[in-house]
Structures are given as C-alpha cells and as structure tokens.
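Across the two complexes that follow, chain A remains constant while its partner is chain B and subsequently chain C.
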Partner chain A sequence: MSATTDLQTAPPPPESRPPGPDRAAGRRRRISGEGRLATFLVAPTIVLLAVVIGYPVVRAVVMSFQKDPGLDPATGLFTSGGSAGLSNYTHWVLQQCTSATGGTKACPPGTLGAQFWDSVGTTVFFTVVTVSIEVVLGMWMATVMNRSFRGRALLRASVLVPWAIPTAVTAKLWYFIFAYDGVANRVLHTHILWTGDAWAARFAVIIADVWKTTPFVALLILAGLQVIPAEVYEAAHVDGANAWQRFVRVTLPMIRPALMVAVLFRALDVLRIYDLPAILTGGGGGGGHATTTLSILVVDQIRQGFNRAAALSTLTFLFIFAVAFLFVRVLGANAVRTQQRQQKGTI
Partner chain B sequence: MATTTSLPRPTRRRPVLTRSAVRGYLEVAAIVVFCLAPFYWMIVTAFRQVGYTFDTTPWPTHVTLENFRTAFSTSLGNHLGRALVNSIIIGVCTTVLAVLVGTFAAYALSRLNFRGKEIVLGVVLGASMFPGVALLTPLFQLFTNIHWIGSYQALIIPDISFALPLTVYTLSAFFSEMPWELEDAAKVDGCSPGQAFRRIILPLAAPGLFTTAILAFISSWNEFLLASELSSDKTQPITVAIAQFTGSQPHQEPYTAVMAAGTIVTVPLVILVLVLQRRIVAGLTAGGVKG
Partner chain C sequence: MRVAGASLAAGMLLLAAACSGGSGGSSGGGNASDQSAGARGPITYVQGKDNNNVIRPLIDQWNAAHPNEKVTFKEQSDQADQQHDDLVQHFQAKDPNYDVVDVDVVWTAEFAAKGWLQPLKDKFAIDTSKLLPATVKTGTYNGTLYAAPQASDGGLLYYRKDLVPNPPKTWDEMMSACSIAKSHGMDCYAGQFAKYEGLTVNASEAINTAGGQVVKSDGKTPDLDTDAARKGLGLLVDAYKNGNIPQQAITYQEEQGRQSFEAGKLLFLRNWPYMYSLASTDGSSVVKDKFGVAPLPGLTGPGASTLGGHNAAISAYSAHKATALDFVKFLESEETQRTFVEKASLAPVIASLYDDQALVSKLPYLPTLKTSIENAVPRPVTPFYPAVTKAIEENSYAAIKGDKSVDQALKDMQAAIQSAGS
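What follows is the complex of A and B.
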C-alpha cells in the first residue's frame, strides 16, 4: 500500500539541463549575426513549402467558391461556372443538391453528395479502431523489444519489414491473402467475402493497416522506453511495486510524451488514408461504399467536378487540422516542444 | 507478492530456462511471425506455378520463375520495367532536392538562435502531417491546364510536400545530437558559422544525411495517391503500376504475377533497410519523440 505513495514522491526524472551561464552569455552575443544567417538558411525551405503546399491550398480555397461548369438542371443550359457562394460546402455538409426546379433538395442516395457523412464516419471509425489496436499492440512489442536478450537485432529487423513495404504492395498482398480461396479463409476455415461484405471489408482494411504500421508505433514507443533510467524501476521494485504497478505508475507517465506524439502522428495518418482501402477493397467494399474514406471521396469527386472536389478536400484539411489542434491543446501532444526539449537535453 | 516479478537477480548462478524466459522467447517468436508471415507468403507465392496459386503448403512448392517473366512482360499492357525506372527517377530527384534544401533549414533549426524558430518548426511539422488529398484537386487542374500531366515534374513537385518536411525534422534531430564543442572549437580557430557548418558539421553529419536521404527516397517510392492521378502511362511509378496490374483474363486477378512484381519492388528495399536498420530506427524515431 505504501509503495504507491512512495512512488509518487520518488525524485522526478532528470529534466533537461539548463545551459551553463558562460554558454548562455556566449549564445546571446552570437544572436544578431546568427539571425541573418538563419533567415538565409531557412528561406529556401519556406519558399519551397509555400510553392508546393501554400499555393495549392489557397488555390483550392478559391476553387471551392466557384461553380463547376455543367448543365444547369433548372434551365437545361450549359453554364461555365461563376461564383458558387457557399453552395459547394453546403452540398457536402448539409447534403444539398440542386433540384430540377433550381432550388435545393436532399441529395438522393447513391450520389457522391449523399456519401459525405458516411465517409466521415468510416474515416473516424478506421482512425479510432486502428490507432487503439496499434497503441496496445505497439506497447506490447516495445516492451518485448526493450528487454535485453540475444536476437534483439533479429527482432528489430523483422519489425522494419512491414514498414518498408510500399502501401500499394501491402494492399495487393492482403488482397491476395483475403481472396475467397485465399489463405485467410483456409486457415480460419471460413468462407468470408473479405472484400465484398461491408464489415468484412472494413476489418480487412484495419487488419492490413495494423500489420503495416504497428511496428512503427512500437519503434516510437521503444524510443520513449529507452530513456527511462533503470534506477527508477529499481527504486519502484525496492518499494514493493508489482509489475502492473510499475507499468501504470512508472512506465506510462514517463513515456506519455512519446506516446502522445505517436498517437498524433498515426491519427493524422489514418484520417487521410487512401491507398489501402482504395486498392484492397476497390474503394467501396463490394461495389458499395463501406470503405469509402474522405480521401477516396475526393478522388471520386474530381472526375465529376474540380470545384466541388476542392470544397471537399478543404473540408478534409480543416477536419484534420482541427483534430491536430485538439491534440496539441487538450492532450498536450506538443511535437514542437518535445523536439525542442530533446534538443536542449542533448546540448 | 514477489511471485510474479522476474527481475534478473545478481546472485543467479547459471542461466536456467525459467517459465518467464520461455514466455519471453514465445513473445519474440510471435512478433517475428506477425511481421514476417505475410511477407514470406508473398515471396512463396511469387515462385509458385499459376495453377497452384491457392496452394496453402507453408513452404515453397511447384517452384517456377514464370511469374517474374509475366510480371515484366509488356504483352498484357503492363510496364513494370518502365515503372521501376520512373520510380527511381522521381525518387532520386525528390530526395536530392529535399536534402539539398532541407539541410540548411535543419542546421539553422538545430544550431542557431533566431526569432520565429518555433514558428518555422511548427510550419515544418504541420506540413509533414498535411493531407495529400488537399493538394490533389488544385494540382490536377493546374497541371491539366499547363499540360504537365504525364511529365516527371508533375510527380516530383507534390512529393516535395512531404519529403522536405521529413528531411528537415529528421536532419535537425541528427544535427542537434552533435556536440556543441565542435563549433566552439571551430570559432576559436576563426571559422564563421557558415564555415563551421561546411567544414566541421557537414562531414561529420554524413551518416545522418545518408539515412535521411534513404527515408526521403522511401517516402517518395511509396507514394500512391498523387501519382495515381497525376501520372500518365509513360510516367507511372511502380506503386500505380502494381495497383493497376492486369492479367490475361479480364476478371481473373493475376495473383502470382502481382506477388512477383511485389517481390521485385520490395526485396531490394527490405535488404537496404535491414543493412541500415540501426540508422533507420534512429532516423524514424528522431522526429521529436525522445522527450
């Protein structure tokens, strides 16, 4: 019983060393000259990012307020665009399609517009399920890898294999494993239509994604585990904490920053998932749209109208941005600060 | 109380195969099987005759090289060889550009003090998490208008959007691990910060630079979404070629040939990653997680 209270009063882990006074003074003296050099060095990256990301984003926003050229259902005449106001956004969010009389009506089932909220649901479902499984499995893998034993190199090597395989190849590989006559059904003695049935297709995507990225999560968590000093565990052990108490009271709090960043990276990655569902289940799950994620819906929409697709991709971007913001503000997964702390610690 | 603890005791005389040791080895075996089994299955199938595609014998049977010939054959409209060349061109150009530009920014972020450093770091990290699909629509329209669809630059430019941020934050982690004394010594010897970077830091950072380049190359090699929309038959990279691989019958998936194609694309990469595993792991986890 007393073990837990003792653990709480255990000395905190050595934080980043504050820079020595002489070094701090030296650094202050350099700043003015360094500032000019730094601007010069950073500028090419910022300019390049502005061209390859900034410009397309601004252009997408501009496009999203334009009408797609096409036949106007009200007049039957060809219209060549013009301002759309917010109609491209309300089309997706409020499911408003243009009716034959020129007014707005609910989008009929089967159209891309009607799939918006379903694909939001599918994307969020994939994110929550895969990230949860990957964190639990990754935590277990990381603990196993963290124990010192022979064959550690073999373990690290095999863990890197799924990561190194391109997602497109991974998708084709699991497409073969999940074929009707494939090895998954043979081993499980089942006759599941893995890429046809809606829920089976969703789980096929989840299984393939978990296989491919759990090793990455495990490596991130392992990096967090390796900086925990052995003395902390010894102290906990002396205080009589059992394995579970050591895990909950020592390991978890100490790897929290690494864990938070791993979850953030992975969540943002699954929110934009495209390759796996698009190739593994043809983006639909048996011709329906059981595995249509937001990214797949954007690609489908591009063929029907750029501007409406631009509105959808802007919505997707805002959604992912909001999730990232929530992570950083509410849960404190601050990748920037973590990196800075790391840098200060290694000065 | 102490029955479940398994800390190694200093007084242990000889290694005994205890129950916890056995469990440890089983856990290792489970992870190795989990990671390697699907990969192994791809290679086994790649060497199997088409008639035995769904054979479930766990070891290689009915071994043939026919699938590799089918994979490279162009008679069915597949151009695996050309796609390999395309992927190498796109990957090398992206990597060279990203490392050239990113090295300077990474040095500034890890070694210099300047105003707005956190903002730059935030922009770079934010860019690395940017959804590729948000670039797709505007770039598709833009490249269609200026007739760039089917050119290499239409595939290299979007790849910069994720390869450059990756390069900057991996490299800045590598740079920041190098001791400050190096530059202080260089300054004492009369080097400017620029000279210190060129003559001292850059040569010493060569291994980190190489690892970063590999990571950037792999990220570009694996890209599918943007390439599938912005490439033509002539510039198609390997991921798109494999995803669209067609067989002789319209409704029959050429599984064995696809597995052969997958093996060709993956095995060199896996060998490279295994040779450099220590560095790759360091590079992968360098992006700000050693809190």
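What follows is the complex of A and C.
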C-alpha cells in the first residue's frame, strides 16, 4: 500500500533559490552540517535494513556455496558437507542430481531438482496471466468507480472486501468452492477436478488471485484517474476526439505512472506467490506439480536441505530483482520520481 | 523507494530460508550426555496440539507426585510441518529447555541422524517387550532405539455392513463387490490419493501388500523395480482406470473421503481409526449404524497397513535426562496408555490393551486395529524422509492418473529415492 501513500504525500521538491556569491561559503558549511545530521538521521534505517535485508541475503548467498550435510556411512550420523562450489546452482539450473556412483545425472522425476524449470514456467505464466487480467478488469472497475453516481462510496468500500480478506482465508474459501462436490462444479454442472487436473488447477489459482487482487489494482488506477483534470477531457471533446481516442490519448498517458506502479507491485507479488497455491492446490495438479511456484519449491527444499534451498532462493531473488530492475529502468515505473516530475509540471 | 521496494519484496523471501537456516550438520550431542545423564530437575515436554485434552491432566498427575521434577507442557500447533520445523529450530539452537519431545514416526530417523536424540540404550534402555514390534521399529535407527513408541496408528477398511454383510478379505473380493456399489449408484473404493503424505501412505500400503517394499532393510536402498511393487501399485492404477476408485478420489485427503462415506456415497473407504467415532456420531452422517470396520484387504489375507503414530524422545541437549527418562517411561506405562486410548482414541502401543474387554466394549474397532498394526509396515526409516516421500507421491500420483505407466513410475521412484540420499 505504500505506493498510494507515496503518490499522495510525496513532499514538494525543495525550492531552489540561486545562491548569491556572498552566501556561498556559509552554504557550504551548512551543507556539511546538514550532511552529518542527515547521516545521523538515516543511520537507524540503514542499520535496520542491513539487519533485516542485508544479513539474510548475504547469509543465504554464503550458505548456497556450501554442501548440504551428508550421512557418514560408518556412524549413520550427518556430517557437514563442506564447500559445494557452484554445485547447488548447477543442481537447479542444469537439473543435475548426484547419481549412485557419485557422478552427476539428470534429476529423475519426483525429485525437486527436476521441477526447477517447470516452476519457473508456472511462476511466469501466473504472473503474465493474472497481471494482464487484473489490469484490464481493474481499469474497468476504476472507470466505473470514477463516475459520480448514488452509492459510489459504498461501491468503493465494498470493492475492497476481497482485498481485505487474508490470503490464507481466501485460499481456503476457494479450496471449498473448487472441491469436487463444491459450488463451482454444482453451478457449472461440470465434473472438473479443479485441484487434480493441470490446467484446471492453474486456472483455479488464477481465478482466486484475480478475485482477490483486482480491487488493489483498481484502487491504484482510480488514484491515477482522479488527478486528471476535467478540462483536459473537455479540450479533447472540443478537438473532436471520440471516446476511444480520449481513452488512448488522454487517459492512458495520464494514468501511466499509477498503472506502472500497480503492475510493478502486482508482478513482484505474483513472482513470489506462495500462500495461495500452497493452500488451494498444495502446489499439485497435473503430473504432481502443475501449480508449484518458485517459492513453494523453496519451502519444499528447506525441509530437504538448507543450503540447496539457499541457492534456490538466491536464484529466485536474482530473478525477481532483474524483473524489478527492468520495470524501473525500461518502463520507468517509479512512484516517487514520476510524482515529483508531475508536480514540477514536466509531465 | 526505487529499487529498494523490489529488493525488500525479494529479500523477505530469502529471509525465510536464512532464518530457519544455520548449519544443520552438527553431529555432536554424544558428549554432552555424560554430565546430564543422572541429573534431575524440572523438564519440558513438547508436543503438537493436545486436541482431546489428555496431556494436561496427565502432567498434573505427574507433577503432584514429583514436586521437585515438575514437567511443563509446551504445546505446538496442530500442523505437522510446523511442529517439525519448530523442533528443528530448537534442536539447532541446542535448546536445553526442550527435554522430552513428541516426534512423528517419520521424523525419528532424521533427528537421530542429526545427533539430536539421546539413544535409548545402556542407562537409558527402556522395556520394549510388551510393545507391538512394529511400533518399536519406527523408533529404531541403525539398530539403536532413539525414541519410545507413544501412540500408534494403522489403516482400517470402513465398509457398509448393510450392503456388504461380510467384509472383503482380499483385494479381489473387494473389487468384485464393486458391482454392489454400482447397482446402488455409489462410488466403490477410496483412500487418500491427493498428492500429499497420505498418498505415500496409500501407495506404500499397496506395494507392501503385494509383497514389495519401498526400501531394503538398510532403510535407504530403494527396491521398487520388482514384480511385487509393480503388482502392488498396479492394483490402485487398474482400479482407478476402471472406475472402482472414482475419478474425484485423486483429490481426496482423509476428510473428503470421510465426508463422502458419511454421506452414503462410498461403499469402501481406507481411513484411520479417528473416523470411527465421527462416523457413528456426526449429525450429518447417514451411515451411523450401517458401517463396520475390517482389516485392510490384501492379496490373500489382511493387507499391510502403513504405520502412523508418534514416539517420545529425549533431547540430546536436555539438562535433566534422568527425569526425562522417567517421564518417557511414565508415558509408556500401561495406565497412561489406557488413558490415551480411553480419552483420545489414540491407538496404544502396548499389545495387551487391544484385548482388554472393558476397552473393546467401548471401542469395538480395537481388535481390528490390532490386526492392522500387527501386519503394518513402517514407512521408510530414513533421514532423507522428506525427499523419499516426495518421490513416492509424485510418481504414484502420475501413475494413478494414467500419465505414466506403472513400470516407468516405479523406475522414476527408484531413481528419485536413490538421489535423495546423496
């Protein structure tokens, strides 16, 4: 939700008064003083970030280069594995498992190693499909909510209900709906195995996710819609633009910053999705792992060996980081900067 | 903001791995036991949610008798995975306050191999002569007993005695009785075939019943590329293909099967004893007086159930091991076991209790359960159990659904179990 706060409360840029020549020296002194104060004020945040983000990330990376403990054949007890080099990473990326003779071989079906690329595919598929559907539906909902009519406040509040329900509860709710004897099959007069069949299971997850998070996207877009002045539309009207042209030439460019933030947040959310498929389908369906996302795979692996799990979560982290980076650099999704530019009037 | 938002999101993900991390490979524990072996004092008993409120009264009773060696009860959640992770975290931290812990039968080997459990030998030996032999096997790793059997569990065949007066003794008899189900518009047979631990239970039951085995007696060498294993898994695959197992059964865990059976839609169901009292008292159950229990059907006689249950173990890091051992013995005692079965329907580990007339009149399924547990086969006792169960689940699921031939599924299972221990 911090995106909305940023959109609304980003402070105006400090006034830039051209410094007079006589004030230059004093100003330099003040800057170094301000700098020290700033460091002092920011330090707690930096320390906190280092502890809760920096340390786990670094620790995970260190762990990912260590072997998981193996059994000492003599005592039957675990002994620590020592350095693993890159083997934990090649285990996932190249799907190499240790064979009985100690060499490497392709991971047999039924091992987690064999599921890496499948779960990358599943995760990306979920991301592309859910975010696309949510943006289209969210846009439509935002447009409706942006009109003035009786009961608008009620509609805006009630639209938020799915978003307010905890994901675990949502997942359990849809789990009952998609049970074989559940509401979905009764209403549709079908006998679909929603949690057993590969595509049915995937769409069960997508339907539940869209139901839950479309309101979030709609609200972000609505925030964008509300800053568009009515005059812009009037001007477009006068120029003879039809409804489609007004949407494409006026609305879309104006809500682009809000839209980008919504898409960025949702994409990152879905790329690390765990709770919804874990509860709704248990990561199952199809050949047994049709809805296993990267995060589900990480949690499964934690029970089998921390160090390999660390390698997998590092890979997941890099993947999500790369996507976020692309968004920010290429598509310019950036809550704070666009807001500032808007206020300066450069957009 | 900028990229920080993104890295925050992703960083949280790593947190999960790193927090529960640490080096899992400590093989210590053996040395610390010497000083604390004879020590007495207050201890803590750790167990998952006490659903039937039997543990607290028992502990009160113990505390009244042992004012200087009081037991504190630490209750975990009711989710097996959470209980497992909680124990792992405390063992990694070498927490001396987790003295006696309740471990699921399938975790015992893992904890023992990590050096977290006090071997129950020499000064710590307990008397296992009265216990059901299969339950003792679940607490044994590498020939040493690491955990004392506390509660057992075995599969039962629930059947509709109004439609099938004589329960089927063999799998073939059961399959031929499926015509009765058809003529009544019911489903015939179901177990737990959704992809989770229950499927491992059911698939290994089928394999063991046909005379196969998942792993050899060393606990780690897979032995699935055999005719017996093919026959066993084939029983489930064929039954699913010809509809004797309904198609929705691959979404069934224990509860869905129970609901279907209680709604009168299912003729035969493999389930645990817990269902007995529910099916005979539930308001929604239409089969209250119409069902009976029988041992699981096998090829010629009773089938081989998979063993469930819990064992009590002493932490290698406990500071008061003498008290801990006494408390474990107290949990094993006949009186305590009787309380468990009377108050919480937990299957006792002491053989004689199953023939106790007073108990049998209250819980009529006890003799059947005894047959089940006597013929039961423990799940593989291996420190790599999570990987082994995954291998069994995935491949038998694909086989039952028909996505894979039985032959291929077992070959893959074999290979996956092999690579689990390396």
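Criterion: the second predicted complex is superposed on the first by the 289 of 347 C-alpha atoms of A that agree within 3 Å, B and C clash if a C-alpha of one lies under 4 Å from a C-alpha of the other, contacts with A are read in each partner's own complex, and residues count from 1 in each chain.
Assume a residue touches a chain if its C-beta (ideal position, glycine included) is under 8 Å from a C-beta of that chain, and two chains touch if they have at least 3 such contacts.
These numbers come from a predicted model, not from an experiment.
Novice: Following superposition onto chain A, is the placement of chain B relative to chain C best described as a clash or a fit?
Specialist: Once both complexes are aligned on chain A, chain B and chain C clash.
Novice: Is A:176 touching anything from chain B or chain C once the two structures are fitted on A? First, second, both or neither.
Specialist: After superposing on A, A:176 lies in contact with chain B but is clear of chain C.
Novice: In the overlaid three-chain picture, which partner chain does A:317 touch, first (chain B) or second (chain C), both, or neither?
Specialist: both
Novice: Which partner chains sit in contact with A:159 here, chain B, chain C, both or neither? Use first/second/both/neither.
Specialist: First partner only, chain B.
Novice: After the superposition on A, what does A:97 contact: first (chain B), second (chain C), both or neither?
Specialist: A:97 sits against chain C, while chain B stays out of touch.
Novice: With the two complexes superposed on chain A, say which partner A:295 touches: chain B (first), chain C (second), both, or neither.
Specialist: A:295 contacts both chain B and chain C.
Novice: May I ask you to decide whether A:109 touches chain B, chain C, both, or neither, giving the answer as first, second, both or neither?
Specialist: So A:109 only meets chain C here.
Novice: Now for A:193: first (chain B), second (chain C), both, or neither, which partner does it touch?
Specialist: Touch partner of A:193: chain C, not chain B.
Novice: Just chain B (first), just chain C (second), both, or neither: which does A:141 touch?
Specialist: first
Novice: When both complexes are superposed, which of chain B and chain C contacts more residues belonging to chain A?
Specialist: Larger number of chain A residues touched: B.
Novice: Classify the contacts of A:53 with the two partner chains as first (chain B alone), second (chain C alone), both, or neither.
Specialist: Once the two structures are laid over each other on A, A:53 reaches both partners.
Novice: To test your reading of the overlay: chain C has the stretches 6-14, 294-302, 384-392 or 402-410, and exactly one clashes with chain B. Name it.
Specialist: Superposition on chain A puts chain B right on top of 6-14.
Novice: Identify the residues of chain A that lie in both the chain B contact region and the chain C contact region.
Specialist: 49, 52-53, 55-57, 59-60, 63, 179, 181, 268-269, 272, 295, 298-299, 302, 306, 309-310, 313-314, 316-317, 320, 324, 335-336
Novice: Spell out the part of chain C that touches chain A in their complex, as residue ranges.
Specialist: Residues of chain C touching chain A: 1-27, 81, 84-85, 113-115, 141-142, 194-196, 247-248, 250-251, 256, 259-260, 383-384, 386-387, 390-395, 397-398, 401, 403-404, 412-413, 415-416, 418-422.
Novice: Could you please specify the touching residues of chain B with respect to chain A in the complex?
Specialist: My answer: residues 1, 4-7, 24, 27-28, 31-32, 34-36, 38-39, 41-42, 45, 53-54, 56, 101-102, 104-105, 107-110, 112-115, 117-118, 120-127, 129-142, 157-158, 160-161, 164-165, 168-169, 172-173, 176-177, 180, 184, 193-194, 218, 221-222, 224-225, 228-229, 238-240, 242-243, 245, 253, 255, 258-259, 262, 265-266, 269-270, 273-274, 277, 280-281, 284-285, 287-291.
Novice: Which residues, counting only chain A, touch chain C once they are in their complex?
Specialist: Chain A reaches chain C through residues 2, 6, 49, 52-53, 55-57, 59-60, 63, 66, 68-72, 75-81, 97-100, 102, 105, 107-114, 179-181, 191, 193-196, 264, 268-269, 272, 282, 284, 286-289, 295, 298-300, 302-306, 309-310, 312-314, 316-317, 320-321, 323-325, 327-328, 334-337.
Novice: Quick check: in the complex, which residue numbers of chain A touch chain B?
Specialist: Listed in rising order, the residues of chain A that touch chain B are 23, 26-27, 30-31, 33-35, 37-39, 41-42, 44-46, 48-49, 51-53, 55-57, 59-60, 63, 140-141, 144-145, 147, 149, 151, 153-169, 171-177, 179, 181-183, 186-187, 211, 215-216, 219-220, 222-224, 227, 237, 240, 242-243, 257-258, 261-262, 265, 268-269, 271-272, 274-275, 278-279, 294-295, 298-299, 302, 306, 309-310, 313-314, 316-317, 320, 324, 335-336, 338-343, 346-347.
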